[in-house]
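Two complexes come next, and they have one chain in common, chain A, joined by chain B in the first and chain C in the second.
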Partner chain A sequence: MAAILDIRDLVVHYSSDRETVRAVNGLSLSLERGKVLGLVGETGAGKTTTALSVLDMVQEPQGKIVSGTILFEGRDIRALRPEEMREVRGKEIAMIFQDPMTALNPLITVGEQIAETVRRHEGLPREDSERRAGEMLELVGIPASRSRDYPHQFSGGMKQRVVIAIALACNPKLLLADEPTTALDVTIQAQVLEMMSELIKKFGTSVVMITHDLGIVAENCDHVATMYAGEVVEYGTVDQVFGDPRHPYTIGLFGSLPNLDEESDRLTPIPGLMPDPTDLPAGCFFSPRCPRATERCQAERPSDSEEGGHRVKCHLFGGGKEEGR
Partner chain B sequence: MSDPVPGGGPLLEVRDLKKYFDVPKGRLHAVDGLSFSIDAGKTLGMVGESGCGKSTTGRVLLRLHEPSSGSVRFDGVEVTGLPPDRLKELRSRMQMIFQDPYASINPRHTVATIIGEPLRIFRKVKGGAEHEAKVRELMETVGLAGRLYDAYPHELDGGRRQRIGIARALALEPRFIVCDEPVSSLDVSIQAQILNLLQDLQERFGLTYLFITHDLSVVKHISDDIAVMYLGQLIEKAPTRELFRKPLHPYTQALLSAIPVPKAGARKKRIILRSEISSPIDPKPGCRFAPRCEFARPECLESDPPLAEAAPGHFVACRRAADFE
Partner chain C sequence: MLKYAARRVLMLVPVLLGVTFIVFSLMYLTPSDPAQIVLGSNATPAAYAQMRADMGLDRPFLAQYLHFLFGYKHPEFGYRGLAFGDLGRSYVTNRIVFELILSSFPNTVILAIGALALALAVGVPVGVISATRPYSTVDMAFTVLALLGASMPVFWFAMVLIYFFANRLGMLPAMANPSNALSLALPIVTLSMNSMAIIMRMTRSSMLEVMRQDYIRTARVKGLGERLVVRKHALRNALIPVITVAGLQFGHLLGGAVLTEKIFSYPGIGSIMVDAIYQKDTPQILGSVCFVAIIFTLVNLFVDIMYGLIDPRIKTAVQSGRKKAPGKELADALKRLFRK
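Take a look at the complex of A and B:
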């Protein structure tokens, strides 16, 4: 099936007079129509910058897409004129931000915030847009009668439902969900994720789900990409990556997690810290922390090797075959 | 470092502890009749969602908030009502590690000043050389490189900042530490490093922990016993393994079922709770979870269910717990 989103060799930098933060470093990724892709990684891995790039919302002038192509339904996002991009943004590609407290305008009723999006993108008259706002609220589990309430009158979980309603109001083809439930308590997270996955199925939305929670990926995604220092270091189906994690960083992430099913006395954390994005190491970016790094890893950047759609960026897996496992 | 741990016996005993705050809308029952004890050298994990009163509990134990009523006995001494000079002495043996290492340390002080501050306040060491030696020893204990002695917090990442908070808490050789969400703001690989450190320190110095968190996999990993809180009350307490094997309270069951499991195809049967937590302001009598509970009966709303021992060491506050056996 054709990819709805296809990112090739994306490079994004944030620059100041003194230094350049290399946030995304040659990232390639594609998402099939109707699928959910989990983008996992720790703070500073470049997850959010990647999503912002897709919407052409990298903060200029500090931030800049240096090179690469982003194809959305075969169209090059970077070649679109600003007014064309405004039509795509919010209508065809929508984004859910992590923090529902700051994503909503505190001075405008939630109903109006949904209706505004619909009017802007679908040109509906006020009455129809308000009716649609009510319908959207009902869809995310909020009585339509609350559309005249302001954000502060809602709890965190309810606010995030409103944010989701705004994102889905124009029935976007692609949804970028950036840590949509991180700010929520676990029982509320369960409610919101259940509601989201039902709506995604109902509308056939393709989704990039950014999260640091491997459990959320396992339960909600079809594919998963592990990011480290602005690169995708491992990509595959959830079965492939969770059943047979290959990149030492992915393996390290799993080792860092306390296991709910087994008794374990010690965690096996990844030693060291994320590299400084203004001063990335030579060779493989993970090599300074990697328990299996060799001299080659410190000198030469690994390229992708692939086996049955399971992609790994690691010298241990050269030439399509595993080495040294 | 600290006194040898006397074999067994509670180091901390809490009886019917209450903390109310008067707010414009009425009286907020943050902690409402809490009783528990922690044996010397053990870890009690305290879990619950936002607003359940777990952080307030930690603060009341150290009298950072004055309790409204109830008793806290530490090492046989009644903490409530203790005069200021005695309290200060006591606080050197009861310390706290805070959630946010960005907000809980003074950004204008160096690492050495922050860690050495308790030593100065309590005049624990004589002279500059001894002071520096002690600070350096503490830094080594928590895994901070000596070259960071004169560094400022903003130069450090979250994990190292949390190590500063831990070193400062250890400076006075306490016996008991309240750890209030100490790893919640850290990435998983760093979180694992800090959890291992806390376990090592406990073993080395015979520390007793109250470990407050919303993260059930973390609490399972680190705790001997777990207390589950809901709206200011303790609703279930059991040895860790027992609680995870056989949760009795419907809220605990929902809470455990809501954790996303990082395994392919692991999606389990999830209990999705109705609605959200009710208000802690002037709560009505009766079980506070009843409005969300699928098993609630009229009698659940009549009066607070008592915390009863359902199995040896396993306490639950639910009138219907026996029906789930």
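Take a look at the complex of A and C:
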């Protein structure tokens, strides 16, 4: 199947007068049409920056895509002119942000916030766009009659439903969901997530689901990419990565989760902190925290090794054969 | 909403009590003597004492203040007091105090509206332009101009304007009066300069703040053009604090255009106040100050109601009486003060 999204060697920096934050460092990813890719990693791993890069929305002037290609349906996003990019945004690629409390304009009715996207991209007259807004609200489980209400009249979970309605209003081909449920209560999380995955299936939308919740990945995603310090360290199907996690970082992530089947007093967190993105270590970025790091890891950057679509960026897995496992 | 407005109008009472008490005390403490002003300097000591008694000036301080509030009975110098909207007659002109105020106030309103309109018409767009290109040359230039505008003394700026436009170019008259629209140009420009600078800086910082918000990112992600993002999504949000500032400025303009009115010999309430102070005309001073305080409070109330029109969150808060609307810090502070 053809990839709807193909990111190759993406490098994004945020620079100020004093320092350069290396947020994304040679990231490569691809997403097949109609699939859901889970992008997991700690806060600061560059997940959101990656998603913003796809929309060419990395905040300038500090943020800048330094190099790499982003192909959306074979088209190079970075080569598009600003007005062409605006045609893509909202219509072909939509994005859902983490915090629904701040993602909606407080002075505009939710109906209008949905309708304006429709008007922008489908050129519908006002009445039709308002009707569509009502339909979208119904679709996410909010009565259409509430389209004249303002965001402050909705709860957090309902606001996120509105945000989802905005994102899906023009039936985009690709949806970038940036921790869509992190800011919500646990009970609401499940509802919103279920509603979202139903709609995704219904519309056949391809999704990049950014999260640090491995449970969400297991339930909703087809593929997983683990990100660390701005690069993908492990990539594969959910079965591959969850059944046979290879990169020490991925293994560490699973070790930080409570296991209901086994009796254990303590979780095993990954020691240390994410490296300072202004001063990344030489060699493998994970080596300072890696329990299995060798001298080679500290000196030499690992490259990808692949086995049946399961890709790992680690010296332990060089040349396709497993060493020391 | 009505209940809210009524409550706010009621709050005028403590505000006025505070303001008048301060001004009254100040007048009481100044060495001038109204009896002497009325009689002139050649009166005999006996006539002078008689006049003091007639005017009620021989009474203790608090009694005099109560007279001022609730009236003073005397065939010649009596009045019904502030509570009944009557402060008697001016010692100097013998005109009814509030009559003079009411005849001059519309002139001040004309200047104030003109100045505020000019300040908004220039300040808001310039602020937006600055905010959309922060730290650019354009922004820097506007910033310098705004600093100049905010820091230049009014009397000096007025003099410069008069020198150029009236003396050198002869385009505009140096004396202003309300019946000649052209003559209002210089005082309006003078008066608006300060507000313009403040409104511009406020718009800029408020816009910068709003442009960083998540909902602006949402709007951009929808594919909306930058113009629409700025006009529809950012500007309205950014205007909320600007309205507060504009409202406060308007209050100041209505009450405090003293310098400008004086320089352009304009018959507004500021001129009246200054003249009254020169002449130690106590009733006229107190009357003008009270009037200005009332206007200032009402303008603030109006601004708070305006919020409801622009921000739906405040409308519901005000209607249900749950939350305080912003921008009434003064009234609140006074309220707290009087509770203690």
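By definition in this document, the second predicted complex is superposed on the first by the 323 of 325 C-alpha atoms of A that agree within 3 Å, B and C clash if a C-alpha of one lies under 4 Å from a C-alpha of the other, contacts with A are read in each partner's own complex, and residues count from 1 in each chain.
Definition applied: a contact is a pair of C-beta atoms (placed from the backbone, for glycine too) under 8 Å apart; a residue touches a chain by one contact, two chains touch by 3 or more.
Fair warning: this is a prediction, and the values are worked out from it, not measured in the lab.
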item: Simultaneous placement of chain C and chain B on chain A, clash or fit; value: fit
item: Touching partner for A:194 - first (chain B), second (chain C), both, neither; value: first
item: When both partners are placed on the shared chain, which of chain B and chain C touches more of chain A; value: B
item: Contacts of A:253 with chain B and chain C, given as first, second, both or neither; value: first
item: Chain B versus chain C as contact partner of A:124, first or second or both or neither; value: neither
item: Angle at chain A between chain B and chain C, C-alpha centres, nearest 10 degrees; value: 70
item: Chain B versus chain C as contact partner of A:80, first or second or both or neither; value: neither
item: Minimal inter-chain CA distance - chain C and chain B, angstrom; value: 5
item: Of chain C, residues touching chain A in the complex; value: 213-215, 217-225, 232-233, 236-237, 310-313, 316
item: Residue ranges of chain B touching chain A (in the complex, touch as defined); value: 49-50, 157, 159, 187-193, 195-196, 199, 214, 216-218, 220-222, 241, 244, 254-255, 257-267, 270, 272-273, 276
item: Interface residues, chain A side, partner chain B - complex; value: 42-43, 155-158, 185-191, 193-194, 212-220, 238-239, 242-243, 252-261, 263-271, 273-274
item: Of chain A, residues touching chain C in the complex; value: 55, 57, 83, 86-91, 94-95, 97, 99, 102-108, 113, 116-117, 120-121, 150, 152-153, 163, 166
